[in-house]
Amino acid sequence: MNRRDPEGAIAEAARKYSNWGRWGADDVLGTLNFLDEAKRREAVALGRRGVSFSLSQRFDMNGPQNGWGRRTNPIHTMLMTGSDASLGNQGSPHGIGGADDMITMPLQCSTQWDGLGHVFDHGKAWNGRDAALTVTSEGDLVTGIEHMAPHAAGRGVLLDVGRVVGTEGELPDGFAITEEHLDATAEAHRVSVGRGDIVLVRTGQLTRVRREGWGGYAGGPAPGLSFTTAGWLHRTEIAAIATDTWGFEVRPNEFEHAFQPLHQVAIPHMGLLIGEMWDLDALAADCAADGVYDFWLTAAPLPITGAVGSPVNPIAVK
Amino acid sequence: MNRRDPEGAIAEAARKYSNWGRWGADDVLGTLNFLDEAKRREAVALGRRGVSFSLSQRFDMNGPQNGWGRRTNPIHTMLMTGSDASLGNQGSPHGIGGADDMITMPLQCSTQWDGLGHVFDHGKAWNGRDAALTVTSEGDLVTGIEHMAPHAAGRGVLLDVGRVVGTEGELPDGFAITEEHLDATAEAHRVSVGRGDIVLVRTGQLTRVRREGWGGYAGGPAPGLSFTTAGWLHRTEIAAIATDTWGFEVRPNEFEHAFQPLHQVAIPHMGLLIGEMWDLDALAADCAADGVYDFWLTAAPLPITGAVGSPVNPIAVK
Amino acid sequence: MNRRDPEGAIAEAARKYSNWGRWGADDVLGTLNFLDEAKRREAVALGRRGVSFSLSQRFDMNGPQNGWGRRTNPIHTMLMTGSDASLGNQGSPHGIGGADDMITMPLQCSTQWDGLGHVFDHGKAWNGRDAALTVTSEGDLVTGIEHMAPHAAGRGVLLDVGRVVGTEGELPDGFAITEEHLDATAEAHRVSVGRGDIVLVRTGQLTRVRREGWGGYAGGPAPGLSFTTAGWLHRTEIAAIATDTWGFEVRPNEFEHAFQPLHQVAIPHMGLLIGEMWDLDALAADCAADGVYDFWLTAAPLPITGAVGSPVNPIAVK
Amino acid sequence: MNRRDPEGAIAEAARKYSNWGRWGADDVLGTLNFLDEAKRREAVALGRRGVSFSLSQRFDMNGPQNGWGRRTNPIHTMLMTGSDASLGNQGSPHGIGGADDMITMPLQCSTQWDGLGHVFDHGKAWNGRDAALTVTSEGDLVTGIEHMAPHAAGRGVLLDVGRVVGTEGELPDGFAITEEHLDATAEAHRVSVGRGDIVLVRTGQLTRVRREGWGGYAGGPAPGLSFTTAGWLHRTEIAAIATDTWGFEVRPNEFEHAFQPLHQVAIPHMGLLIGEMWDLDALAADCAADGVYDFWLTAAPLPITGAVGSPVNPIAVK
C-alpha cells in the first residue's frame, strides 16, 4: 500500500472488490443478499441458552457527538408528563393520565447502521448509480434503509480483537486491524467467519472512552480496520460488519490526507452494510466466559423512508 | 360491565389484575419479567425456515398522524447529500462523498412500544409509583424504555382475529374483541398462548386504511380489545401484546365518556408492554399459508434514555 | 403575455428587469440597497401616533401547512414546566422555578421573508451566482438571511387592493393583481410608492381563510400579483414587498404548467425581498379609519446563518 | 443584604417590588404596560440619522450553548437546495428552482426575550397565578409570548456600564452592577432612564468571549445586575431590560447556594420583560462616537403560541 497514493489505492481496491451488478441492476441490499434463508435457519439454532444482549448505547444528550458534520446528540422532549397528569392538567376522564415524547436526532448520532446511500466514490453510489440522482435533499430515493427492514437477522460472530491482540482488552487509538489480526482472533476464539455472517469487531475503544470520557470518540483517533482488509471483507462474503468505534476503520486513516478510504470502497463498491458505535462489552464478557463467539443476531433498522442510516438496538441471543 | 360506571369498573379491574410488587419494589420491566431465558430458549427454535418479516410500518411524512395530542408524522431531513457530493461541494479528498440525515418524530407516531411510563391511573404509575415524580418534563426518570433494551425477544404468537372472526380478514371499526374471540382464534390457529409470550392481534384495520386512506386511523374508531379482556391479559401471563391499530383497545371505548380504560388498567397496574400500529399483514399471510402461528420475535426498542415509548422494527422469524 | 410561452416570457422579463451587478459583484442585499439612511430618516417620522401593530400570524400547530414541500406547522415543546416547578421536581433552591421551551419549524411555515437564496432561475441565484455553489445542504453560503439583519426597517406602504378593488374587502382566488390595480389602489389611498419603500399588498385572502378554514391557503389558489407586475416592481425601486397570501403571486399562475414565474424573475434577477403570509388585517382596518396608508415598519429577520428565509414579526408604527 | 438568607431577601424584595394586580387580574403584559402610545410617540423621534443596528447574535451551531438545562445551539437544515435545483432534481417547470429550510432550537438559545412564564417563585407565576396551571407541557396557557407581539417597540436607552465602570470597556465575571453603577453610567452618558423605557445594559462580556471563546458564557460566571437593583428596576418603571450576558444578573449569584434570585423577583413579581444575550457592541460603539445613548428600538418576539421565550432580532435606529 502506497501511503502517498490514496487515490490510486482506492481505485485499485474499488476495481478488485466491486460487487456492482452481482445482484442485478436494481439491487438495494448489497451484501445483505448473502444472508439468505438457509443461512438464517442455521443461525437461529445458536440461541442455545436464551440469554439476550442489547448491543446499543443509550440515546441521549450525554452521547459522543460534538457537532462534527453537524451531528448532534439526541434531544428528547416530553409532549405530556406525569406531572401534568397528577395535577389534573390533562382533562382526561376517570383518572387516566398519559405521557408522550418526541426525539430529534441525526441518524448517525449513536449505535447505527450506515445505509448504502451513506458514502459515494467520485459521484457514484452503490451498484454504480449516480449519487446526484440517488441521494438528494429529499433523501435516498433508491437505496433508502427501509429496504433493509426485514433482512438484518442472522448469524453474528464476535471478533474481540481488543482482547486477543490488545492490552487489557483494548487496542490503542490509531491501531490498524489487519487481515492477520482478524484471522488470529477468529482462531483464538475457535470461530469461523463466512458467507452471510454479521461480524462484530470489538476494539475496546468504547470501554476506554467510557472510563476516560468521550474525548475524540466522534471523529478523532481510534483503532479500526486497516484499508488493507478490503480484500478480506470482500472474499469472506460477510453480510455486514460492525465495530464499537465511531468510524469502523482506523483513524487517522492510513493515507496522507485521506478521509475514510475503506468506506469509499466498502459502501459504494462492495455494498457492504456497516455498523458503528455498537456496544459490544457485555456480549464480549459473556463470550469470554463461555468461549462461544457466535450467536443469533437481530439488528433491525427503523424503516425511515429514504434514510441513509438508522439508529439500531441490535439484540444478540446466545 | 356497567357502561355507566367506568370509574368503578376500572377500579375493580385495577384491583383484581394488579401486578404491583410482584417483581419487587424496584421493578422497571413489568410483564417482560415473564419472558425469561428458559422461555427464550424454547422460542428461538421456532425459526425453522429462516424466513424473516418486518412488522414495522415505514416512518415518513405519509403516516397516519393528524396532530392529535401534538403527534405529528416523522420529519426526515438531509444534512449532506449525494447532489452536493457530486458537485464537489463537500471538500473531501480523493473523491469520497457522503450523505447524512436526521429525524424529528414523536416516539408514538408509528409502529411502537408504549413504555411503562406512558399511562397513569389517578396519579399512579407502574408498580404504584407517584406519576408526578416518575415522568417529568425531563422524561421517565425511573421506568424509561432504555431498561427494556435487551428483553423484548421471545416467542411471538399471531392471533389473526380479523381472519377468523371478521369479514374478508377485517373487523369493522368499533368491534370489541373479547376473551372468547381470542380463544376461538387461538383454537382455529391451533396455537397456544401462555406465560412470557408476545401476542400479536391482527384486526385488519391497517389493511383497510391502506386501501381506503388513513382517515381516523390515529385516534378514531377502530376494532380492538374489549375492556373485558383485562382478566385474560392478566391470567395468561403474557409478556407483551401488540395490534395493528393505533390504540390497542376498541374505539370508541365501551364506556360512556371514557378514554382508553384498558390502558389505564394494563399499563400502570399490570405493567403490560403494549405495541401499537404494527404491520402484521405479511406475517399473517404467511401464517395462513403454512398454518404456523408462532415464531421467534425480536422487537427491540431504541434505548432512548427516559423515553415513555419507542419506535420499533419488530422482526419475526419463522 | 403569451400564456403558452412561459419560458420565453420569463426569460424576457429576467433580461429586462435584472439588477445583476447593480450593487457590485459581492452584493448580498438586493433591493434592500434601496432602503438607505436618508430613506429611513424620513420614514421614522411616520410614527406619529405611537400605535404599533404586529403583522405576524401566530406560530403554532394550527397553521396552514399541509405537508406541501415537506413544510409542516411549527412544533413547540417544553423542556421545563410550571407543573414540575410547582411539584418541586426541579431541585432549584429557595423556591425558584423555571420553564424553557423549544421549537422545530420550517422557516417558510408562516409569516416570513424569503431570502435571496430561496429561488433560482436555470441554476442561477441572485446576482448571477451559481445556485449549486451558493445554496447547498449546508445552507446559503453566500446570501444567507443573516446579512439582512439590520436592514429591513423603513417606510411601509399598505396597498389594500382587497378593499379598493375587491368585494367586501376581499379578492377572489385566482385574481391577478395588475399594475393598474396597484396604481388605482395607491391613488385611492392618496399614498405614493417609490424607491426604498416596503410595500404591503392586502388581498383579503387571509381574512377569508380565517373565517372559512385554511383550505388550500398553503399552495392552493389565491389572489396575488400578476406576472405582468414585474416591470412595476422593478421600476418603482421598492426595497421589498409582502402579501397576506402564501405565495405573493396569483395562483394558479397565469401560464400553463408554470410554477411561481414571478418569483423566478423577482428573486434571482431583481434581488427583491418578498414577504409572505403577513397578517395585514388590523393595520388595514386602522388605515381605513384614519386614511393614512404609510407608516414606520420594522421587519427584522432572525439572523439564522445560511438561512434562505426567516419567520418574522413585522411591527408597523403609525 | 444578608448573603446567608437568600430566601428571606427574596421574599422581602418580592413583597416590596410586586406589581401584582397593578394592571388588573387578567394582565399578560407586565411592565410592557408602561410602554404606551404617548411614550412610543416620543421615542420614534429618536431615529434622527436613519442608521439601524441589529442587536442579535447569529443563530447557528457555533453558539454558546453547552447542554445546560438541555439547551442546545440551533440546528438549521435544508429541505431543498440549490445543488438539487441545478442538477434538475426538483422537477419544476421552465427552469425555476428553490431552496427551503428548517430550524430546531431552544427558544432560550441565543438573543432572546424571557416571557412572563419563564420563571416562578414558590409555585407562583406573574400576577400571582398558579405556575402549575399556567405553564404545563402544553406551553404557557395564559401569558404566552404571543401576547407581547405588537408591544416591544419604544425608546431604547443604552447603559454601557462596561465602558464607564469597567476596564477597556469590559466588566470582569462576577462583577455585580449596582444602582450606583447604573446611575453613574446614565450620568456619564447624559441620558435619563424612566417610565416605559427599554434599558440595555452592556457589560462587555460578549466582547470578551468573542475574543476568547465561549467558555462558560452560557450559565457560568458573568458580570450582571446585582440583586440589590430590584428596587431600581421597580422604581424606574422601565418596560424592559436586556443585557449582553446569558443571564442578566451577576453570576455567581450574590447569595450562597442561590440560583438567579433577581429573576425570581423580577419576572413573577414585577412582571419585568428581560432580554438576554443581546449583541450591543456595534450600537455601543456608535453611541460612544456620537454621544447619543437613546434611540428607537423595535424588539419583536415571534408570536409562538404558548412560548415562555422567543428569539429576537432587536433593531435600534438612531
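Order of writing sets the labels: A, B, C and D. Residues in every chain begin at 1.
Heads up, the rule we're going with is that contacts are C-beta pairs under 8 Å (C-beta built on N, C-alpha and C of every residue); 3 or more make two chains touch, one makes a residue touch a chain.
Keep in mind that this is a model prediction, so the values were computed, not measured.
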Chains in simultaneous contact with chain B and chain D: A, C
More contacts between chains, B-C or A-C: B-C
Chain centre separation (chain A, chain B; CA means) in Å: 26
Intercentroid distance (Cα basis), chain C paired with chain B, Å: 45
Sequence positions of chain A contacting 2 or more other chains: 70, 75, 77-81, 83-84, 86-87, 89, 102, 104, 132-133, 136-138
Of all residues in chain C, those that touch chain B in their complex: 61, 67, 70, 72, 75, 77-81, 83-84, 87, 89, 104, 132-133, 136-138
Parts of chain C lying in touch with chain D, wherever the complex brings them together: 6-7, 10, 36-45, 47-54, 56-60, 62, 69-71, 74, 76-83, 85-87, 92-108, 117-123, 125, 130-140, 146, 149-151, 153, 255, 257-261, 263-264, 296, 298, 300-309, 311-315, 317
